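Chains here go by letter, A, B, C and D, matching the order in which they are written, and residues are numbered from 1 within each.
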Amino acid sequence: MSRLGEIPIRIVSRTPAASTGTIGAGVTAILIEIATQLDRLADGGEPGAIDLRSLPMSPGDREQLLKALGPGEVTITLKGDGESTINETGIQGVWWSEYRDRGGELIAGFIEIAQVPAILPVEPDQLRRGAQQLRAGAAGAAQQPGN
Amino acid sequence: MSITATLSANLALEEARSPEARVAGAMRGFALEIGALSAFRMESCIHCGICADACHFYIATEDPQYTPIWKVEPFKQAYKRESSAFAPVFRWLGLKKKVTADELEHWQYLLFDSCNMCGRCSLICPMGIDVSALIEQARHAMFEAGLAPTELYEKAANQKRTGQPEDSAEPYRDKLLAIGREFGVEIPLDKSDVEVMLTVPRTDIEHYPKAVAALARVMQHLGVSCTFRSDGLVAENYGYYAGGKEWQRQISLRLIDEALACKAKLLIVPECGHAYTALRWEAADLYGKPLPFKVRHVTEFLAEQLQLGKLTLRTAETGATTFHDPCQLVRKGGVTNAPRTLMKAMGVELHEMKNHGAFSFCCGGGGGVVDIQRAAPLRYRAMENKLREVDDTGASTFITSCSDCRRTFDDARSHFNWEKTPRSLLELVADNLAGTAGNAA
Amino acid sequence: MDLVSFARGPALEVALAVFCLGVVWRIVGFALLRIRRNFNEPRNSLVKAIIGGVIATGSRSWPHSEFTVRTGAGEALGYGYHIGLFIVILAFAPHIAFFGSLFGVTWPALPNSVITIFSVLTFTLLLAVLFRRVTHRVLRMLSNFDDYFSWFITTLVIVTGLMATAHIGGPYQTILGLHILSFDALLVWFPFGKLMHAFYIFPSRAINGTLLSRKGAAS
Amino acid sequence: MAHYHDQPTIGEMLERHGVSRRTFIKYCTAMASALALPPLAGRAMAEQLRAALRPSVIYLSFQECTGCLESLIRSFSPSIENLIFDVISLDYDDTLMAAAGAQAEMARDKAMKDNYGKYVLVIDGSVPTGANGAYCALGGKSAVDILREAAKGAAAIVCVGTCSSFGGVPFADPNPTQAWPVSDIVSDKPIVNVSGCPPIPEVITGTLLQFISTGKVPDLDEYRRPKVFFGNTIHDRCYRRPFYDQGKFAKSFDDEGARNGWCLFELGCKGPTTYNACATTKWNGGTSFPIESGHPCLGCSEPNFWDKGSFYSALSAPRWGKAGEVSPGDVLKVVGGAAAVGAALGVASAGLSRLRQRHIEKSTTNNEAKES
């Protein structure tokens, strides 16, 4: 058994009505929150994020939310310690990020409101380290006899 | 010497009583009155103040001190301090203060001047407390403290001694016979082996002789073997008013002894409310055993005769009529239907007052208040509402069945220039006996 | 030992003991005083008198129509908060669990939202009752420490209960502890003050009603 | 100590192990999310951690069951291997380390000496003080002595689990080993309690990471627990809360209410008085938590949770006596006893009143007699 989904569970009763009943309105609230954060990004350049884990959503709500945002044109794949994806939604500047671990389990999910997802840009010191690395490599190659 | 002894020996001494002696007397009185029932009543009070809304003294003045349960505050205080379950703790920690002589003096006005013991408050209490019963007990303690109002005290002392509340130039016995002569009716006196012993209110002897004659006339008409007794003539019991329990007992005993002497099976209480309470509900308890004769109010007796077919009445031409329910007879005594049965038999066109029957307002004179001089101004204020209710019925004839109520209304007539004359139900019956010529004089 | 454990543990045990001891002491203390026999001839039979007492027990719950104009509002106010208290005390699930473990019986609860509405209402009525007590000339004169303290302790239980359910005023367990502790205090105070009327009200009405009916008097 | 400056930062360490900055941010973000921290806090923590030095951690186990460590090594984000290899230098843990015996003790002493004043001391288990500490000894030294010694050079102490935080099960009445929580023995060092029996793994790692990234003791509650994780009650965040509010309760474990997933309050749930992150962080990588699995909260992260009466009696239910549970019979005993005493007092006071009355009556009648 490698996945939780493979554990044979027979669902006897539905999820408590109280937790699904209130969510429909929740999707609208999320959309309004995204819009507010977009305004903030446009006005002051301040990026924002919404943690999907903090919002209890039924699969239906999630679909509803994804549908409302629509598909976008950019897809980013991060291949460090498991494959994570960041998709731009139909609303530009709104990114749907899903971080996964080595086993492919979802470990975090966000809606990011940013020009570029914050995880992407590289810090100056890293740029310098990269440059150093390249120079060291080039020097090494130059010293290689017979090249 | 006991306080009662001191008092009866010399009234002047009473005035000189020290505050300590007053308090001691009151506490003794309170202590003697406390029993499971009175304790339960005092325990039950939740200070909701609702009883104020039943009391005509409070309604008339909106003065909170006339709240009925407040009138027994020293009694409650004494109970909690002396006899309640936690009394030793209260005394030890000083949580409940001693009743003071000043308080007692003040409460004299609340327990006597501003309470008719009419029992209306006993009907409103959501805890079901019989407040008027507590007031009666508190009066006993006031008497023990030497704080009964002078008028009541003197009358009681006199009645205890002589059988008459007041000295009169002509003894009541002679007055009674004179009334018989005046109204042309035979007065049976001092007979023995009779069915019924009759008594007479001293108020009637002094003020309403016609009512005395009416009683004799009705009894004669019915052909009942009956008698008045020279040594047990007066129906009232001033010991009851003044709060002198022992005196009340002795005064009642005089009547009981006379009834036993003439072997009466029935003692008739004339038109007097508090006499009914004293004889019907309290005499046996003071006597210590059941009375060997029955006690009935004259209206009760007559209504019974009516129902037995022994009494028939003519239609009385009284026009629109209203009836005042004497508290002691109706609310507290249960004589509610008898007067109405009699009036119906005479075809009286009865217009009830807004508050009538058990909820009737007191005339303001009950509980001896009509005899207390200084209480008159307050009594008049309390009466206003009652007079308004009488007027509001639009009735031209005004009847009652208690001579003290009658006297109180008569007094109001002169004080307020009120145009109605209170009439006696008994007199009305006597005037309308079927098969007689009647006596309109 | 934390506050909640103390409040529902030893404090409750002591409070319950004091409550029982005090209540029995107080009732036995007056019930064994002298009872005078009635020698007068009753108007109504004992059965009829007792029926009268039973009727009075119920009928005194509301003033006779002759009195309602003057007292109706005041009595309604009093009954209002009493009814509210009963609902909150008897229909709130945690309270039922409390009684259940004490007496071994439970019954269905009302939703918390309903309980919250009733407790807020009850609290409001209690404030109104206090306002009336300090402003009404009769009540102000009659009132003593007992009246105000009994009001205070009842209100304290309601307020801490509301605070606990609304999660205001501090950590839940502290407020819950205070709530239970204030109830313990109420139990301790109960036999020594006017709260005893809970035990008196029906017997008092019944006994006086019976005695009045015995005479044929109004009751 | 000069060589400290030569030590690489965590960021450098990570890169040496081939963990990219982005991957590290990814894990920190996931952890922040798991801990219900603001969405952007993860990145900030990642940057702080990358710049921090890799601290030495000494993990001591005393009177415990190893449940806490079992819990810790099941941490999902960051996994314990991430934590150990990437972020901390776990210099001593007698359960996890390969070394044993004298070698292990030497490793501990060396770490303590080398990192004096800098290391983080993690304690798991309560400290028995009875019989001169003989109930728990390692390598001939009692736990209480080891703790005192190790605490001297610690920068801070993190108590993992309810035993080290509050005494836990060994501390429960009658506490035969005289076990005490760490805070009762060490008083001069910052102590952070990560309570729970066991604590949620993410809460342990989260607390450590937070401490390492900021170098400061986090905001603590009155029981020295990090407010970030212990700021709300289980009840506050419980998904069954709506049923509590509606008054819908499971009355037994197999009734309709239990099947419908109603509130477990009446089955003894201590959620309303228990501060922990179970309802939000959950267990096993966010799979579930006790209430979700149908069992009431035991309140394991609270002091004295073992001594608060039955786990299955409602929070509002009274409890007294050793058993901690009240049956109607016990109530009857208390009530009956008190009532009997009350009745006796009542009889006495009524008797007293009647005596006083009789006395007065007698004196009155005597006088009356004299008068006549």
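Here is the rule we use: a contact is a pair of C-beta atoms (placed from the backbone, for glycine too) under 8 Å apart; a residue touches a chain by one contact, two chains touch by 3 or more.
The structure presented is a predicted model; accordingly, all values stated were derived computationally and were not measured.
In this assembly, the chain whose C-alpha centre lies farthest from subunit B is A. Between A-D and C-D, more C-beta contact pairs join the chains of C-D.
With centres computed from Cα atoms alone, the innermost chain of the structure is C.
Rounded to whole angstrom, the centroid-to-centroid distance between subunit A and subunit D, based on C-alpha atoms, equals 34 Å.
Computed from the mean C-alpha positions, the centre of subunit C lies at a distance of 41 Å from the centre of subunit D. Averaging Cα coordinates per chain places subunit A and subunit C 61 Å apart.
One simple way to say how far apart two chains are is to compare their mean CA positions; for subunit A and subunit B this gives 96 Å. In subunit D, the residues touching two or more other chains are 246, 345-346, 349-350, 353, 357.
Multi-chain contact residues of subunit C (touching two or more other chains): 25-34.
Every pair of chains in contact is given here: A-D, B-C, B-D, C-D. Across the complex, subunit C is touched by residues 34-37, 39-41, 43-44, 46-50, 52-54, 58-59, 62, 64-65, 67, 69-70, 83-86, 119, 122-130, 280-285, 287-291, 294-295, 330-336, 355, 357-359 of subunit B. Of all residues in subunit D, those touching subunit C in their complex are 233, 235-236, 244-249, 251, 265-266, 272-273, 302-304, 307-309, 313-321, 324-328, 331, 334-335, 337-339, 341-343, 345-347, 349-351, 353-354, 357.
Contacts from subunit C toward subunit D in the complex involve residues 1-2, 4-5, 8-10, 12-13, 16-34, 92-95, 97-98, 100-104, 106, 109-115, 167, 172-173, 176, 180.
Considering their complex, residues 1-2, 4-5, 8, 28, 31-32, 34, 82-88, 246 of subunit B touch subunit D.
Residues of subunit C that touch subunit B in their complex: 25-41, 43, 56-57, 60-61, 63-64, 66-67, 70-71, 74-75, 78, 136-144, 146-147, 192, 194, 196-197, 200-201, 203-209, 211-212, 215-219.
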